[in-house]
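In the two assemblies presented below, chain A is common to both, partnered first by chain B and then by chain C.
Right after this comes the complex of A and B.
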């Protein structure tokens, strides 16, 4: 999103020296990000990948990671969009405090998140105890625990990206729709939401990516059933670097292709316009 | 600039003095011998205390102790050819298996002495379900109630994991309650299992589980409430070896039968500091060593149990009794 804002004015070409220096720094950064992952793949043998892919526990861990991250993303969408809307559209006392609270999970170590969530959602926690008593839902050693841990660490991305998307919506379009007789809910669902969809979807893609890669908070709440990162750690401890890095490569291949596909999909609508009224 | 230079000049003498002080030999006489000890990880707490006490008595000795899994520590000697003066393991049978040169391998020792025992138990907290009425009489009935959450370590990878299963199998025979082990283990599913039971202590303290199967020494060291199980089933008394062997655990490594949890010590043939090693084992088997072992929650038999007293160093022979009903 920010890339679009910077690129938009397309002002005079920057001086050559600056461009070169920046290009060098940029290339260095890209290499820094890509090299370790590329190296992880380069050091894999097809046989190791096949052996790991054939393990039922590995497959179920990857499946659980994807399913839990998807459920987390759905929860994030439901919870983050209303808050993002309020932050984008209204001024209210204490707004900076709310903004700081939204970013809080980014600053807390993930093991700390896990321990803190355990106190609240655990079997004797203020939320966990009544929930288990009334509904039977448990958060220790269950998929529900995984989703709660993922949601806590990833939801800031959903709120912040959705907020940027919503701020980009021209409120005059909403006012026009109102004058044409559309109710507030109809305007939100048929004008605002579609126009902000790119920001929202970007945020949800980041939420999914953060969720699927979460380890520290998840392992405190739910060691078993194992998500993919926990299983990779388990393999690292039990059977060494060979199997764990093979599973890491396999898992990365799946998540990265999902991530790249989502980027590609959301880029399609370059010029978002209001959906034609049906 | 000049001000900084001045400051540096003022600091310099202090730095020089600090360097001189750091390089000075300590006031006490420097140790002249280094005693190398390889010991099981569970023994870290008592051995650190015993090592300190021994070094206070003998300042001329410096003890270097290494702790780890029993088999790993033994293999440091047999495979990595590292020389140790004293080797202590959590499972006495590890010493004859790896050190006695069976199957034509090189022999590293021909005796061992069981100097400490442990037992399997369950720890719990005041918040645990049935905490107010559980006891030695009714524990197996309460632990098999639906809804009780029990933690344990993995029987496929951890001795304490299969020893817990063996203990429950023995309880089934002892209380004549068929199906007891299965009912209790149903409350300890895979979600409540880790590779080492101590990983679950936080889960017990935060109330995610009600009971945790653990060694009695850990229960006492952490000052947890724990169940006093009958010695016939808790694997804590070598005189019940015969009955223990009827306790079975089916694991990924085959069916394992119960045996008493006895910690054993030996001195390898090629111990570089043989004399000091004998003195150390004397200290360990003597009243001071036994007091520490007990203070750390282990059982310390009145006399250590020897596999073969005749093969032990003469100084140690009077400190041991024969192994009860040799398994």
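Right after this comes the complex of A and C.
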């Protein structure tokens, strides 16, 4: 996340034995992360990739995943920024409880999330039933259901990263802006939001990444229409590892390139010049 | 431009265990009031209350006769200068200056953004980002930004506190120049006495949420209202005067009929108003004038009071202006200062520190 917000003092050179041991552990971890993904590509044939890429169901599943994750990210932006602002700027009783609630989705198994959401947003759910009756919006077996499942599991990332970004905005800038004639809303949109934008965008990129990769919560609430992870699972059940691993490689290529692009776009820009003193 | 005036009357505000109470002062157009006090005295709280960030429990704040006690900060038209000046880092210099414009606070007499940048000598920086500016440039841009929003009062919350001594002196002189010509009242908060002396027309000494004394710099330093003010401002003698001649790097200063000579780094021009500051340990006392002495300043003085001060004795003198001297116990006994009514005080010209006004 936004590593630049807290500038850690450079630590002293660690002793040689420690440095070696840590470097070994670090290398092991990096290999552990990268090897399975690299191997996934190594074991694919071009023909298999082309075959799954030509399948209409595969294409629509990938399209649905990306569209739903994008919609989720938009919802997260609208819902997470106000909460992040309150957490960053005000002290109120019960704040630790609110912070714990925000992190709660990270601790709940995703299939449990799906089942819990089903009871609320399903056809007979306490929110789902009246909503369907009054507005016709259904959450069971629809794109709306996918978005609800994705949002539940990914929104902590949006709130926490936006909060870090907002906390980094010097409140004296906001005060000065008010004395220059800007009301609270104008200060928020012209000063606070632009200055916190990197933290917020980092959070939204994580939200998107988490949403697009969600499987457990989505499959319980919405098996059809299939998102890409569900379709990969479906291919695995129907035709074994061949097609499912080819689609996995294809989908991974798309999400990884989005991930890398966002890392590049929201990276810390190091420029010479003094940093503002607090 | 119309002349502006700030009036604060019996202002009170309680925040937790701390309280501002009975704060009353006025600041005229072009006047600089420095609120001087130790940290924790409530200076920033008072300034932010004047700016409109806190609603006082009692009392009244008015600008140009208009009661703004209940107005939000954005309706007060106040320039608020904080430490390092808080320029908006995501906007260029020109965009910073133009910021207040879009909210309809600006009136016609503020001039265009370009004219303001020109007036403050930062027009060439218009497209720069604030992080690339020097301290002095930031100060000018912040002042232009406040003027562009038609500020009718300038508030300063230790804007120079984070700077090194050299830049601080330079920025202080720039600021004093600017404020002397500005037609708005200014309130400047600091804990730094030399800053207060350099900038203030009037000093208000603040302590534990209330104003202990309000007066001219010389009144505050020479005749502190109580022991606590005296302890905070120290015992340096501060005399107001006017430079009447400068020769060989020595300035001759008229301090109300008497003349003080000062030789220092700062050689002011003839006619300049200055504060002459003399530390008590730089004052020597003798029984009679020293005819062969090279000391420029010799003042026949009446001894007003003597009191022990640690290993030394503190002698309060009247030389036509007030003067405080520290003498050793030996001098004290030799001169018989306890009983003697008169003495001659001498001060080297190099020991007289001038502050331009």
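Definition applied: the second predicted complex is superposed on the first by the 247 of 278 C-alpha atoms of A that agree within 3 Å, B and C clash if a C-alpha of one lies under 4 Å from a C-alpha of the other, contacts with A are read in each partner's own complex, and residues count from 1 in each chain.
Operating definition for what follows: a contact is a pair of C-beta atoms (placed from the backbone, for glycine too) under 8 Å apart; a residue touches a chain by one contact, two chains touch by 3 or more.
Nothing here was measured: the structure is a model prediction, and the numbers come from that model.
Would you check which partner chain A:183 touches, where first means chain B only, second means chain C only, and both and neither mean what they say?
second
One more residue to check, A:224. First (chain B), second (chain C), both or neither?
The first partner, chain B, only.
Which partner chains sit in contact with A:142 here, chain B, chain C, both or neither? Use first/second/both/neither.
After superposing on A, A:142 lies in contact with chain B but is clear of chain C.
Once the shared chain is lined up, is A:170 touching chain B (first), chain C (second), both, or neither of them?
second
Looking only at contacts as defined up top, I'd like to know whether chain B or chain C touches more of chain A.
Touching more residues of chain A than the other partner does is C.
Under the stated contact criterion, what part of chain A meets chain C in this complex?
170, 172-173, 175-183, 186, 190-191, 194-195, 271, 273-277
For chain B, which residues are in contact with chain A within the complex?
It comes out as residues 127, 149, 157, 190-195, 203, 206-208.
Could you pull out which chain C residues touch chain A in their complex?
The touching residues are 48, 51-53, 72-74, 76-80, 82-84, 86, 88-90, 99-100, 103-105, 131-132, 145-146, 149, 151, 155, 162.
Chain B touches which residues of chain A in the complex?
118-119, 122-124, 140-142, 222-225, 237-238
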